[in-house]
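The block underneath contains the structure these notes are about, expressed in structure tokens.
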Amino acid sequence: MKQFLKTIFLVDLLQGLWVTFRNQKPSLIYTEQYPKERPSVAERYRGAPRLNVHPDTDETLCIACNLCALACPEELIVVTAERNEETRRKELTMFTYDTSRCMFCGLCEDACPVDALELTQDFELASYTREGAVWDRQMLEEGPLPTEYKH
Amino acid sequence: MEEILNNPYVFPVIATMLIIALFPLVAGYIVLAERKVLADFQVRLGPMRVGPYGFLQPLADAVKLLLKEDIIPAAADSWIFWGAPVLSTFTALTAFAVMPFSDRFYVADVNIGILFILAMSSIGILGLILGGWSSNSKYSLLGALRSAAQMVSYEVPLGFAVVTALMVAETLSMQGIVQTQYDKGIWIAFSNYGLMLVPTALFVIAGVAETNRAPFDLPEAESEIVAGFHTEYSGFRFALYFLAEYASIFVLCGVAVTVFFGGWLRPFANVGFLEVPLNVIFPILLFLLIGGGCGIGTMRVSLAYEKGIMAVLTLGMLLVAALFAIPAVNVLIIGFFWFLFKVLILVYMFIWIRGTFPRFRYDQLMDVGWRYLIPISMGSLIVNGVVLLLTS
Amino acid sequence: MATHTTFLDTNELVLNMGPQHPSTHGVLRVILKLDGERVLGTECVIGYLHRGVEKIAENRTYQQFAPYVDRMDYVAAVSNGLGYCLAAEVLGGIEVPERAQCVRVILTELNRIASHLLWLGTHALDIGAMTPVFYCFREREEVLKIFEKYCGARLTTHSFRIGGLQYETYDNFEKDCHTFCDWFEKKVDEYEELLTTNRIWVGRTKGVGILDAEACKAYGVTGPVLRAAGVEWDLRKAQPYCGYEKYDFDIPTCENGDTYDRYLVRMAEFRQSARIIRQAVDSLPSGPIKGKVSKVFKPPIGEAYVSIEAPKGELGYYIVSDGSVQPYRLRVRPPSFVNLQALDEMCRGALIADVVAIIGTIDIVLGEVDR
Amino acid sequence: MDEEKKPEGVAAPETEQPKSEPPASPVEATAPAEATPAEPEKPASAVTPEKAAKPAAAAKPAAEPGAEKPAAKPAPKKEPTEMEAEPWAGPLVDSLKARFGDKIQQFATYREQAFLIADTAAVIPILDFLKLEEDFDYLVDITAVDYPKKEKRFEVVWILYSFAKNVRIRVKAVVGEGEKPVTACTVHKAADWLEREVFDMFGIEFEGHPNMTRILLPEDWKGYPLRKEYSIIQQDQDWVRENLQIESGQ
């Protein structure tokens, strides 16, 4: 009988209507107005790669060991180095990182023995050309320019 | 000049022009309202980028639809393909001719007004069927067939519900129906010892189905048959279908309001002491509230032109509120206000239902139509008739 | 096998559904043979998203391949990663520390919730309820935030490594998990309020796409579909891995094996997953997070098949090693692919609208079907 | 990049020369200056033994794939060249032996996973027997492995599971090029797509299969990608040109 009355008076439907109705509260709105509002990205976020430099001397931390290039499943890192005859050390000459093929797995970061290569919280990697997605050493050290939006 | 104004055709022509010119804009804003309300149910924001709080979105949409390439599929029957959306829009807009917006503002008061509207909405579905058929696409065809079947099934309970109301109203003229409700002092929906609530509910349900709205939106069920009858349409022709759909929603809600909810009458139209609170204070408060909301919005938006638009809106709302305070103007616009207010509440209900329920399946739709709605509507017709006979 | 006869001499209508269609969940293409709206037969055309994952595996080292498995069932990337790591660990004979196992369980169950949420949202959307999808994505977002905080990625997480974990849990990990579970269970109630008793929902799902236990076994269908048919079988109980035997949870089952039952089973799995997460978080042991595994993972010559209970069913990895750093052959046993095979059986005699509901209820991810 | 040359290139054992001089810090690691990206092994080898020398440096447990480990740490025992499978015994084995005799060449387990190797012709009767009399009613998977150097190059694997016994076994059979094993569709419906996939990837046709066509790749694709001679960057250039109207970049 109770079931019958429930059916007649469309209780199941009204219940559903009530759920959607009470979710109208403006405080429940979940939308993030990107790019107006910037998302807060977690500390460990794996985004744009960065080649760290020594904060004081601006010298690169990279020792050109090539471990990142070996670790990369997509083989998109190319490291070239030159032996400096004076200091008898290997010095980094070129470092390119093809972000277009990168899947941000973090294996290169894990492989780096000196914490030179790092995936940062920057996530805006778009560029107008394919070549723009291949980052050279300068780009990796300075990071991408902060994006400005006008609308 | 005097002569021209006294010509009985002048006012209807002006009203017609006004409706035809304004309705696309109104439809655009109903779409915006739908998107915003739906977004609200779904914990999101809806359009926010074009203008302040997305207020100019309808204009952007209209421009986009007008500028879009108009594609007629190679295999389509191009003449019918061309004409079908026009037919739909034409009939939907024609129905406005007898719509009693207020006691003063209407195009014509025909003595068979309600029949005219029902006839127009029936022909309108022909536009969907032809459009689906002429597209020469399987999805469109399925959509067209579905809409044909749906129309046949749901016209019947819709008709029975209206007939029941007409028994109470004892007239077919739209203005007359409203007038009867004023004379009786009760809206038809609540008359006859509350028995009329059944046909009212039936009318709303069948109306949702008649306008192809969720959960009865099978002709355009996007998750099954892509977009149904207008799968192949693009650009302005698509916009026409859209316009027709929203026009018919507006018309249907208008009919429901007129026939069941007292048309342009305020609630408790015969209770004298409610005159001031309902006819003056309520609209003033409402528009002050909206104006206040817009005012807060003005503070929040950052860009100059957005601030400007919001400020204009605020002032406009305050102005409307002020208009209601002038007795002479109040008399002119209060009927219109109540009519629109009720229609918008019904439209909100439609959106609410759309946002909540899953879609019926084709056979279930037929089931609901034939096995539940039609018997119930026939039963309520008889019961109401008998009660009317006994009490009169 | 038409269950429906027609008196009119009409031709069958062949309708091509997909690969671009709103509710084939990606690039599935189903060719429907129709009589009116009734389905006489279906044929699936798949492979539009084929990327040759198994071939890639043969050309990557074991560690390098791990990120690729995330891209098969991309809504349950953590489960994929877990299956792969377990298979490699069995092959290499590696012990995984307790703490790592526990964290793995937490993340995998969170991922199960995320995957089921995506299923619920899209399934409801297919059936025409457009609101649940937004609620589901809101909750899924919270799961993804936990993933992001834990490992730095949201979707293709690459959170596990062979031998254990790469990342230690973050500061508020336990608290986040508890908060999420408490909040989430209320939300599940809300979905149930919205759908479970709704007559349209029940009408659309009950008795639709029935696949009984015998048919499930014959087609190799696993996961919630099998459990909805009444077979109480869950690899987490049948062959526990990762210490699932330590947790107290039930296997929800139903009897009829229709779309509604599969819905109920998945709704119950939400709650069971939350239950497991709570227990695992409370019993999170301390200790190392990575077992003894050499930097160059080189399993001995041999082969192993290891499978886990992924959100969609049995996800298996069959790895053949030739003793080098790269798998000699890696085969993925994808649950979506095998489950999709039963589509034809479930669709016969149904209506077009049911096909959509059935595709939704199998819960396929085309990335996994096509690999 | 050229992936094909990786298997040998990375594992090359020629990099055994490091003198293992422990430098003060990783930055000072002396490395061969002539290193170029063309020979990535060398700089890597220079670092790896250094790290092995001071394990404290492994603060970041990395997962780099360089294959120099065996060089740095000589393996105590010779790596086996065959799978170290153990014999498998039990009632199931006995009943299978009684039924099929020498049609099954081997019963073995590896990592506690049981498998048997049978004659190709005997596979379907075995599956049937296992399903009907031993409750192995769930065909988990069918796949194949390609050993191009062997006389009969393919090894087809059927993975079975029994719900009643909670046991999983593998049935394997060796199949040569052009040989056609019989389809398992008659026993398990699940075999349909799985066999089509094996055909698609390896070109092994199954006798009596109702629809032996490609499943993942396009119908008119040429070549079988999971065969070992099929390079990872190889594709059917003609197909790409004809159907996508593009020149493949490879």
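The chains carry the letters A, B, C and D, assigned in the order they are written, with residues numbered from 1 in each.
Convention: a residue touches a chain if its C-beta (ideal position, glycine included) is under 8 Å from a C-beta of that chain, and two chains touch if they have at least 3 such contacts.
Owing to the predicted nature of the structure, the values given are computational and were not obtained by experimental measurement.
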{"item": "Pair exhibiting more inter-chain C-beta contacts, A-C or A-B", "value": "A-C"}
{"item": "Chain of greatest Cα-centre distance to chain C", "value": "B"}
{"item": "Innermost chain, where centres are averages of C-alpha coordinates", "value": "C"}
{"item": "Computed distance of Cα centres, chain D from chain A, in Å", "value": "33"}
{"item": "Inter-centroid spacing, chain C versus chain A (mean Cα positions, whole Å)", "value": "26"}
{"item": "Whole-Å gap separating chain A and chain B, where each centre is the average of the chain's CA atoms", "value": "48"}
{"item": "Cα-centroid distance, chain B relative to chain D, in whole angstrom", "value": "65"}
{"item": "Sites on chain D at which at least two other chains make contact", "value": "3, 10, 61-66"}
{"item": "Residues within chain B bordering two or more other chains", "value": "41-44, 355-357"}
{"item": "Two or more partner chains touched - positions in chain C", "value": "63-64, 131, 134-135, 138, 166, 194-195, 198, 200"}
{"item": "For the chain D and chain C complex, residues of the former touching the latter", "value": "3-4, 6-7, 10-11, 48, 61-70, 79-85, 110-111, 113, 137-141, 143, 145-146, 157, 159, 163, 166, 168, 170, 188-190, 192-194, 197, 201, 214-218, 225-226, 230, 232"}
{"item": "Partner chain C, residues of chain B touching it in the complex", "value": "38, 41-44, 138-139, 142, 214-215, 217-218, 221-226, 354-364"}
{"item": "Contacting residues of chain C [partner chain A, same complex]", "value": "60, 63-68, 71, 131, 134-135, 138, 141, 145, 148-153, 156, 158, 166-167, 170, 190, 193-195, 197-200"}
{"item": "Of chain A, residues touching chain C in the complex", "value": "7, 12-13, 15-16, 18-20, 23, 30, 41-46, 71-73, 103-107, 110, 119"}
{"item": "Footprint of chain B on chain A - complex, ascending", "value": "13, 16-17, 19-21, 23-24, 26, 28-31, 33, 151"}
